[in-house]
Structures are given as structure tokens and as C-alpha cells.
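Below are two complexes that have subunit A in common, paired first with subunit B and then with subunit C.
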Partner chain A sequence: MLSNFGITFLSITFLTSFLLIYLSFNELKTANNKIPKKIYNFSSLQLIFTILSFLTLLAGFVVSDFSMSNVFENSHSTKPLLYKISGTWGSHEGSLLLWINILVLFSFLFLFYSNNNNKKFQLYTIIFQNFLIGTFLIFLLFNSNPFSLLFPVPNEGLGLNPILQDPALAIHPPLLYIGFVGSSIYFSAALAALISKVETKLFARVIKPWVSLSWFFQTLGILVGSVWAYYELGWGGFWFWDPVENSSLMPWLLMTALFHSVLVLERRLGLYSWVIILSILTFTMSVVGTFLVRSGILNSVHTFANDPSRGLFILTFLILMVFSSIFIFFKYSTTEKNTFKFLSKEFFILINNWFMVFFLLVVLIGTMYPIFLDTLFGTKISVGPPYYNFVLAPFLIPLLFLMTSGPKFNWISSESKKIFDLVFFISLFIFLAILFIVKEKNLIVNLTLIFSIYLTIQSLNDFYKAFKNKSINLSRVISHFGFGLLIFFISINHILSIEKNFNLKVGDEKNLSKFLIKFENIESYKIDNYQTIIGDFQILNKKNLIKKNLKPEIRIYDQPKTMTYEASIDSNFFSDTYLTMSNVSDSELFNIKLQIKPFMNFIWLSVFILSLGGVLNIFKRIKKV
Partner chain B sequence: MKKIFLISTFFFVLVNSVYAEVDLRDKILKNLRCLVCQGQTMSDSNSDFAQTIKSVVDDKIGHGFKEDEIYKFLSDKYGDWILFNPPLKKENYLLWFLPYFLFIIGGIVIYYLSKKTQIKRK
Partner chain C sequence: MLNPKAKIRLSILVGAILFSAISIFLIFKTLEDNIIYFYSPSEIKQINDIDTNKSIRVGGMVKDGSIQTKKDEIKFIVTDFKNEIIVTFSGTVPALFAEGKGVVAEGKLQDKEFFLAKRILAKHDENYMPPEINKNLEQNAK
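The block that comes next holds the complex of A and B.
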């Protein structure tokens, strides 16, 4: 029943995108400068039907309609309601449907709210966007149909992967997808701008809010994903340089480069081709990311669903997309003369782009190189955190310094500014005070500390100035402030983290230099859809004599049969105490891992502050329009 | 005065920067991939395989092996797949040097863009 509805809604959506392309092409020939009502109507209709198809799948999950194979494979009738709902986008098919919903939503929003009085540009954007919608719909209907039927109808479903049954992971995919798919609109707009030869300034104005919007959601999506990895995977880390994490970082780096260079395009009308290329690349990278995750050619902690035929489709689509973009670019792009004064604001934005693209290339090479090596020579290598830390960390230092100094310079002019000012000396004093406490000896870490403090203090200083005169770019100040804090707290966290591994029996005690750990008790019982084993530990801090009780868990799920290890985290304002336990096979011993992780909450908060700058940027635009 | 302060601070930091001592066992385990898991490090993994490797590493450290010798021993046995830090071999030259090469290219492009200050703008 529901399945038929779903397929019908999807078919109507496909039909509307076909019609929208047809009507828009026809409209291009007329002299009239207004987009006709029927295009708006079809766009609304398209949005309504795609949302209906999504709601149909959602309903299937909520009522546990196991006649649909997707519900059967990813849900179970005893699962809590929240995870039945999030199960809708927990699978490949469901998340692809969500992906299409967002594509349609953005197409709709662009048509209705980005009124820029350039009909040709607007129509071409809708055409390209609907090409994307149509292609993904074909993929969905013929390869990954979430509404496929199953006969005979099973009584019970297989259940959702337990580590996905988590509130943070319920909202992580929607956030990330708004970021990923949001970039489609400036991909379409960039191609449209080339063909319709739109005025540079207008193009910059039109794409700017969309770049900020997708950047904001991408940042939040990455944040929620990291928070999830931190408490759910039970390793005490929050970023593993895992290929799947990398594929969410790559578009983010490009978006960051893009909204900096859009500023140059808007103010100086320079970098037009570069902005176009970045717009195209960002969405391409999003699709590359999807390809890497969905095709299963990666070995990652996050690969949950994969199938080679999907990979093949996405790869074919990717190749077509890249080649047609290249064709359009070279056919329509005009030569421009870009010149920049040394030490002008636009010069520093170029430097920003230089670093962002470098970071992107490092992540891209690190992610793809093992795949190429494996395919070409059959040699398997791993590229992990040591590689990224070694290559990237030294470049953070000049980046932080440039983020501090760049904004001080003016547009066009080449006037030099004082760089090592009072703020820098205050920062140095703060650094020395911190060094006195933490006694860090690594040069790179120390330099990173100095320059992250400098950026933070300088941003505070700018913030103070912003109150006195209104001319300062507040969203820049907030985002740079957040980034300074982020790097600062990550460094401090890196220096002060403690990790201890040991084996204990129930009733045993472990005496460490700063802590005394007692394994007091163990309990086991059945909850909802899993069996749990809970350890009871008491941790005594020998210095301040504070006692903490922590209860790490081992969970054994039956649908599907998996074991997960739940960390017990005591999070106070400044520091997290993180305890995990796991059974050692053939013995009554448990392997215990105690980690002290300072400033974790500050790391999350910094990313949140960083993202706020993006929101401010959107609102600023809306107010101006 | 400021300059003296600046120079002396950097000097202080530099002198202080002898290689930091870390727990060797932790460091080694964090650089090893748990082969039976999905992208986990040996240090983070609870699998039986990881337990075995942990005791092998303990044993090697006990016998006075150096860090590099332990990596060499494990990669001879399990292949380079086990090392999260890809060794600097001929087939990995591109991995290690391409990023820096591209960074330099980018720098040259920016240099040429910003050099021609006096040429008339569009």
C-alpha cells in the first residue's frame, strides 16, 4: 500500500522536474522578462510531492510496514520511536531520498527567494538543478528504491545498526546533507552564470547567502558527527582522519575558500573564474564524498551500507558532471585580468584560498592514494592520523597568523600595517604563563599555542572595536575567534590528556600515580532490545580527593547481533573523565581504559562559535536585500 | 626592547623544545591499524587480534627493541597496511611530496597575480 503511494509520488516528482526543464527551455526563447506563474506552480508541486514521498517512507518506518524491504532491513518493531524515525535516513536508500528532498527544497527556495531580476540566469539555474534532481531520481527509482516490496511479508524486521541508534546520529545526516546538497545550488548557479553571462556582482550577491547557509550546516553536521564519535565509538577521540570524516571535511574546506573569495568578487569584481571553479568543485567534492562512502571502496569505521553497483552509478554520474562542467566552463568563460596589490585585503583572501586548497589536496591525496596504489599495484597501505598531523600541523601556524593579520589590511591599497603590536605581546605573556603550567616541549605545539592565542585576543580586540564603530565585519570576527579558540583548546587537550590501560577483576583496585580506581561491582540485565553488562567503578583523584562513580557498559544487541562498548563519561566544566571497559576473552578480567580529557566542552563550544559567524552572514544578506 | 623580548621568548621556546618523551607503548599502538576492525587503531580496539598485538609490542619493548624496529617487524609480518604512518618508500614518494609540490605551485601563481601591481586593471 504505502509502497505504491511512495513510487507514485516519486514518479510525479520526476515528471515535474522533466516539465520544469522543458518549460524553462521554452521560456528562454520568449522576450518577456518575467518568469511565468506556471514555473513557480510546478516548482511548488515538485516540493509537495517529494515531501509526500519522504513522509510515506517515514510512515512506513513508524508503523513498521515490513512489506517494504527497506523497512524490513533497517527497522524492528521494538525499536524506540525516535530511532524508527531516524531509521528513515539511516539506510542508503532513505538517505538518498532525503538528499533528493533537499535538492528540491533548494531549487524551490532559490526560485522563490533569490529574485535577482535576471530571468535567463534564474531559468538556467533551475534547469541545471532539475537535471541533478532528475538524475538522482532515476538512480533512486532504478537502483536504490526505498519502496521496493518484499514477498512474503516478514513478521519482524532486522533492526538498525545499534551504533546508529543515538540521538546525535539521528540529526547528523540531515545537517550534513543540507551542507552537502546545499552546495548544489551554487553549482547550478555557476553553470547558469557562465551561459547567461550574468553580471559578476550579481552572481556574487546571489550565491553568497547559499554558500554561508551550506557552510553553516556543514560545520554543524561535522560537529555533531564528532560529538557522536567521541561518546559512542568509545575511543576518547573526536577526529580520526577517517576517510568518511575526510569526505565531509573536503567540501567544507572548499566552502570556506569560496565564501572568502566571493567577498573579493563582490567588492573587487575579481576572481570570477576562480569563484565559478570553486562553486563547481564544492558540489563535485560532495558527490565524490558520497561515492566514497556509498561504494564501499573505503575501509572505515563509518561504512555502514555499501554496494558496488551504486558506486558505479555515482562514478558515471560524477564523470558526466565533471566533463559537462568543464565543457561549459571552457565554452563560455571569458578571459579576465586579475591583478592584486601585495598586502591588500584581496591578497590575503587569495592566501586563504591557497591554504584551504592545500589542506583540501592533502586530505584528498591522503584519502585517495591508498585506493590508487591498491588498484594499480595491489599494494595496501594505510594513511592515518600520523600522516595528516605531520603534513598539516606546521601549516596551521602561518594560517593562524594570517587569519589574525589579514583582516587588518584594506581593500585595493597596499599600505603596510603594524603586525607585532601590543596584542601580540599580551598574547605572548599569556602563552608564557600557560607554558609555565603545562611545560610542553614540542616546538610545533608551542608555536600553534602562541598564534592561536594571538588570533583569539586579536578577535576580542576587534570585537571591542566593533562596539565603538559599526564598520567591522562581525561575522568574520566571530568565526575567526571560534577558530582561534578551537585550535587553542585542541592543543591544550592534546597536551594534557591522560590515557591509562590496564586489566582488572571485579573487586580489584588499580593504583595509578594520580588516581585510585576500584572495580566495585558488575550487573547484567535486559533492556528494550539489548542485554547490558554494567561495571561500577569508583575513581579517586588523589590530589583533590574527589570521588567519582563511573558505569561503563557492554551492550549485546540481538537485532542485529552486535556488541557495542558504551563509554561512561563524567563531564564537568573543565575536564572529562572517560572510562571504557571490554571483556578479555577466556578470562574473568576486564580491560579498562581510563582517559582524562580536559576542555572537551570548550572544543565543542568553539566549533559552535565558529559556525555562528556563518549564520550572521546569512542574516546580514537578508537585511540588505 | 620589544624585539629583545620577542627574540628571547622564541629562543626560550626553541631551547625548551627537545623531543618530548611520551609513553612508547601508547605511541606505537596508536600508529598501528587493527587489521580485523574497520579503521580502528590497535590502541582503541578491543578485539582479540589487538590484544595479541598489544602483547607482542610489550614483548618487543621488553626485549629492548627500538620504535622503528617494532614497526619494521610488524610490517614484515602483516604488510604496510598495519602502519598508519606510511613509510617513506619509492611507491609512497607521491603521497609524501606531492602536497608540498602543489603548495609551491600555488604560491608561484599568487606571486605572479600580485606582482603585476602597476598593470591596468579590467
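The block that comes next holds the complex of A and C.
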């Protein structure tokens, strides 16, 4: 039943995107400068039907309609409601349906809320966006149909992978997808701008809020993913330089480069071709990310079962997309005059772009190199975190410095400014005070600390100035402040983290230099859809004699039969005490990992502050337009 | 010969190319030093000079009945049904780590018989098998 509805809704969505392309092409020939009502109507219709198809799948999950193979494979009737709902986008098919929903939503929002009085540009954007929608719909219907039926109808589903049954992971994919797929709209707009030869300033104005919007969601999506990895994977880390994580970071880096260079385009009309290239690359990178994650080509800690035929489709689509973009770019791009002054604001923004592209290359090479070696020579390798740390860390220092100094310079003019001002010496003083406590010897870590403090204090100073003088860009100040804090807390966390591994029996004690750990008891219960084994530990801090009780868990799920280890985290705002327990082949001894992770909450908070700058950027634009 | 504007452009271009070349070189240099190679127990037997300072990955099956849990470490045998290697590890193992299941351990070789693991890689899916293990196991089964 539901399956038929879903397929009908999807077919109507496909039909409307076909109609929208057809109508828009026809409209391009007419002379008047007004988009006819029917295009708006069809766009609304398209949005309604695509949302209906999504709700249909959602309903299938909620009522556990196991006649749909997607529901059967990813749900179970005893699963809590929240995870039935999040199961909708937990699978490949469902997430692709969500992907299409966002494509359509952005097409609709762009048509309705981006009044730019340039009909040709507007229509071409809708045409390109609907090409994307149509292609992905074909992929969905013929390769990954979430509504395909199962006969005979099973009585019970297979269940959702328990590691995905988590509130953070329930919202992680939608956030990340709004970021990923949101970049499609400026991909379409960039191609449209080339063909319709739209005025550069208008193009910059039009895409800016969309870039900020997708950047904001991408940042939040990455944040939620990291938080999840931190408490669910049980290693106490929050970023592993894993290929799947990298594929969400790569579009983020490009988005960051893009909304910096859009500023130059808006103010100085420079970098037009570069902004177009970045817009195209960002969405391309998002599709590459999807390809890497979904094709099963990656050997990643996050790997789920995959199907190579999906990879083939995405790869073909990717190649077509890239080649047609290159073709359009060279056919329509015009030469531009750039008058760039050394040591002007635009100069520093260009340097920012260099850093972002460099970071992108580092991450891209680190992610792709193992794949190339494997396909070409059959050599199996993996690239670990040391590579990223060695290459990226030294470049973080000049980046932090330039993030502090760059915004002091004005547009166009090429005057020199005082770099090492009072703020710098205050920062140096704070650093020395911190160094006295942490006693870190590594030069790069210390320099990173100095310059992250400098950026943070300088941003605070700018924040204060922003209230007196309206000309200061508040969203920049907030984001730079967040970034300074983030690097500062990551460095401090890196210096002060402690990790201890040992095995204990119930009743045993472990005496460490700073802590005394007592394994007091073990209990077992049956909860909802899993059996849990809870360990009761007492951790005594020998220095301040504070006792903490931590209860890490081992969960055994029935459907599918899986085990997960739940870390127990005691967070006292400044520092997390992180305990995980595992057990192998019913041994009496349990494996215990104790970690002390300072300032984790501050790391999350910094990323949140960083993302807030993006929100401000969206609203600022709406107010002015 | 060249007008001043063209000269500036040329120097920017040369500078940009030089800079990019250096950064790409740097990336690949660091990459070479930090690659972690994957070996099966049989491949380890064939290595002539063992580098005990370099991190590698060892993958295969956890031999049935081989897991021993001691006070401060876990010991188990990784096998590809032809050769085997003893792995010691301290820390929590990921879920789905069990006898008779596939495993990938990252760490350093002590010698050809002993491997000191720093990390046991997690898997998210009981049916999931790292591609490199699959291939090696298939070859060895023949």
C-alpha cells in the first residue's frame, strides 16, 4: 500500500522536474522579465510531492510496514520510536531520498526567496537544479528504491545497527546533508551565471546567503558527528582522520574558501572565475564524498555494508557533471580585469583561499592515495593521523596569524599596519602563564598556543569595537573567535589528556600514579531491545580525594545480534573522565580504558560559536535585500 | 622587453607554481613516511628486514580458542590459515571482536612471531569484512 503511494509521489516529483525544465526553457525565449506563475506553482507542487514521498517512507518505518524491503532491512517493531523515525534516513536508500528532498527544497527556496530581478539567471539555475533532481530520482527509482516490495511479507524486521541508535546520530545525517546538498544550489547558480552572463555583483549577492547557510549546517553536522564518535566509538577521540570524516571535511574547506572569496567578488568584483570554480568544486566534492562513503571503496572504521553498483552510478554521474561543468566554464567564461593590491583585504582573503585549498589537497591526497595504490599496484596501505598532524600543524600557525592580522587591513588600499600590537603582548603573557602550568616542550604546539590565544584576544577586542563602531563585520569576529578557541582547546586537550589501559576482575583495584580505580560490582538487566551489563567503578583522584562513580556498559542487542560498548563519561565542565569496559570470550577479566580528557565541552562550544558566525551572515543579507 | 605589468604577472605566476610544487612535494614526502602497510601473517613471514619502529596493520582471523586475557594485556593469535602471528594488546577491544571473526590490528612488530598492537580497528557490521582480509583469505583457501 504505502509502497505504491511512495512510488507514485516520486514519479510525480520526477514529472514536475521534467516539466520545470521544459517550461523554463520555453520561458527563456519570451521577452518579458517576469517569471510566470505556473513555474512557481510547479515548484511548490514538486516540493509537496517529494515531502509526501518522504513522509510515506517515514510512515512505513513508524508503523513497521515490513512489506517494504527497506523497512524490513533497517527496522524492527520493538525499536524505540525515535530510532524508527531516524531509521528512515539510516539506510542508503532513505538517505538518498532525503538527499533528493533537500535538492528540491533548495530549488524551491531559491525560486521564491532569491528575488534578483534577473529572469534568465533565475531560470537557468532552476533548470540546472532540476537536472540534478531528475538524475538522482532516476538513480533512486532504478537502483536504490526505498519503496521496493518484499514477498512474502516478513513478520519482523532485521533491525537498525545499534551503533546508529543514538540521538546524536539521528540528527547527524540531516544536518550534514543540508550542508552537502545545499551546495547544489550555488553549483546550479554558478553554471547559470556563466550562461546568462549575469552581473558579477548580483551573482555574489545571490549566492552568499546560500553559501553561509550550507556552511552553517555542514559545521553543525560535523560537530554532531564528532560528538557521536567521541562517546559512542569508545576511543575517547573526536576526530580520527578517517576517510568518511575527511569526505565531510573536504566540502567544508571549500565552502570556507568560497564565502571568503564571495566577499571579494561582492566588494571588489574580483575573483569571478575563481568563485565560479569554487562553487562548482564544492558540490563536486560533496558528490565525491557520497561516492566514497557509499561505494564501499573505502576501508574505513565507519564502513557499512555497501553495493558497488551504486558507486558506479555516482562515479558516472560525477564524471558527466565535471565534464559538462568544465565545458560550460570554458565556453562561457569571460576574461576579467583584476587590480590586486598587495597587503589589502582582498590579498589576505586570497591567502586564506590558498590555505583552504592546501588543506583540501592534504586531506584529498591522504584519502585517495590508498585507493590509487590499491587499484594500480594492489598494495594495501592506510594513512594514519600522524600524516595529517605533520603536514597540517605547521601551517595552522601562519593561518592563525593571518586570521588575526588580515581583517585589520582595508579594501583596495595597500598601507602597512602595526602587526605586533599591545594585544599580541597580552596574548604572549597569557601564554607564558599557561606554559608555566602545562610545561609543554614541543615548539609547534607552543607556537600554535600563542597564535590561537592571539586570535582569540584580538577577536574579543574587535567584538568590543564592533559595538562602538558598526563597520566591523560581526559574523567574521564571532567565527574567528570560535576558531581561535577551538585550536586553543584542542592543543590544551592534546597536551593534558591521559590514557591508561588495564584489565580487572570484579572486586579488583588498580593503582595508578594519580588515580585509584576500584571495580566494585557488575549487574545485568534487560532493557527495551537489548541486554545490558553494567560495571560499577569507583575512581579516586589521589590529589584532591574526589571520588567518582562511573558505570560503563556492554550492550547486547537482539536485532540484529550485535554488541556495543557504551563509555561512561563524567563531565565536570572542565574535564571529562572517560571509562570504557569490554570483555572477550567471557573471561573473568574485563578490559578497562581510563581516559582523562580536559576541556572537551569547550571544544564543542568553540565549534558551535564558529558556526554562529555563519548564521549571522545569512540574516545580515536578508535585512539588506 | 616585458612591460612592468606583465613582469608582475609573470613573477606571481612563477611564485604560485613554485609554492604549489613545494607544498605538493611536502605532502607526498610526509605521506611516504606515514603510510601504514597492511600485511597478512603469511606476508610477515616473507619480510626480510623487520622494522620494529614502523607502524603496520596485521589482518586475518582470530584463531579459535586463542584469546587469553591477562592482568594487563590480551593475547590472541591472528591466522590466515597458512601462517599465524601472536598479537598482544592492552586496552578495550571493539565490539564484534571475537574468536573466529575477522580482525585488523594496528601496531608494531616485535619480531616475526610477535606483534604489539596499539589499536584494534572497530567494525560496524557483523557481516563486514575488511576488503584486504577477504582477498587474502580467498587466496589462502585455494
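Note that the second predicted complex is superposed on the first by the 620 of 625 C-alpha atoms of A that agree within 3 Å, B and C clash if a C-alpha of one lies under 4 Å from a C-alpha of the other, contacts with A are read in each partner's own complex, and residues count from 1 in each chain.
FYI, a residue touches a chain if its C-beta (ideal position, glycine included) is under 8 Å from a C-beta of that chain, and two chains touch if they have at least 3 such contacts.
Everything numeric in this text was worked out from a predicted model, so none of it was measured.
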Kindly say whether there is room for both subunit B and subunit C on subunit A in the superposition, answering fit or clash.
clash
Of the partners subunit B and subunit C, which touch A:523 in the superposed model: first, second, both, neither?
neither
Touched partner set for A:369, first subunit B, second subunit C, both or neither:
both
Scan A:382 for contacts with subunit B and subunit C and give back first, second, both or neither.
both
Contact-wise, after the overlay, does A:156 reach subunit B, subunit C, both or neither (first, second, both, neither)?
neither
Just checking: does A:592 make contact with subunit B only, subunit C only, both, or neither of them? Give me first, second, both or neither.
second
When the two structures are overlaid on chain A, which partner does A:564 contact: first (subunit B), second (subunit C), both, or neither?
second
Between subunit B and subunit C, which one contacts more residues of subunit A in the superposed model?
B
Name the contact category of A:509: first (subunit B only), second (subunit C only), both, or neither.
neither
A:347 contacts which: subunit B (first), subunit C (second), both, neither?
first
Looking at subunit A, which of its residues have contacts with both subunit B and subunit C?
233-235, 299, 301-303, 354, 358, 361-362, 365-366, 369, 379-384, 386-387, 390-391, 501, 565, 582, 584-585, 591
Residue set of subunit B touching subunit A in the complex reads 2, 5-6, 9, 13-14, 16-20, 26, 30-31, 33, 37-41, 43-44, 46, 48, 51, 79-86, 91-92, 94-96, 98-99, 102-103, 106-107, 110, 113-117, 119, 121-122
In the complex, go through subunit C and note every residue touching subunit A.
19, 23-24, 26-28, 30-31, 33-38, 55, 57, 67, 69-74, 90-99, 106, 119, 121-128, 130-132
Name, in rising order, each residue of subunit A that touches subunit B in their complex.
233-237, 240, 242-243, 269-270, 299-303, 336-342, 347, 350-351, 354, 357-358, 361-362, 365-366, 369, 373, 377, 379-387, 390-391, 414, 420, 425, 428, 432, 435, 440-443, 446-447, 450, 499, 501, 565, 582-585, 591
Contacts from subunit A onto subunit C in the complex sit at residues 161, 163, 233-235, 299, 301-305, 354, 358, 361-362, 365-366, 369, 379-384, 386-387, 390-391, 501-503, 560-565, 580-582, 584-585, 587-589, 591-593
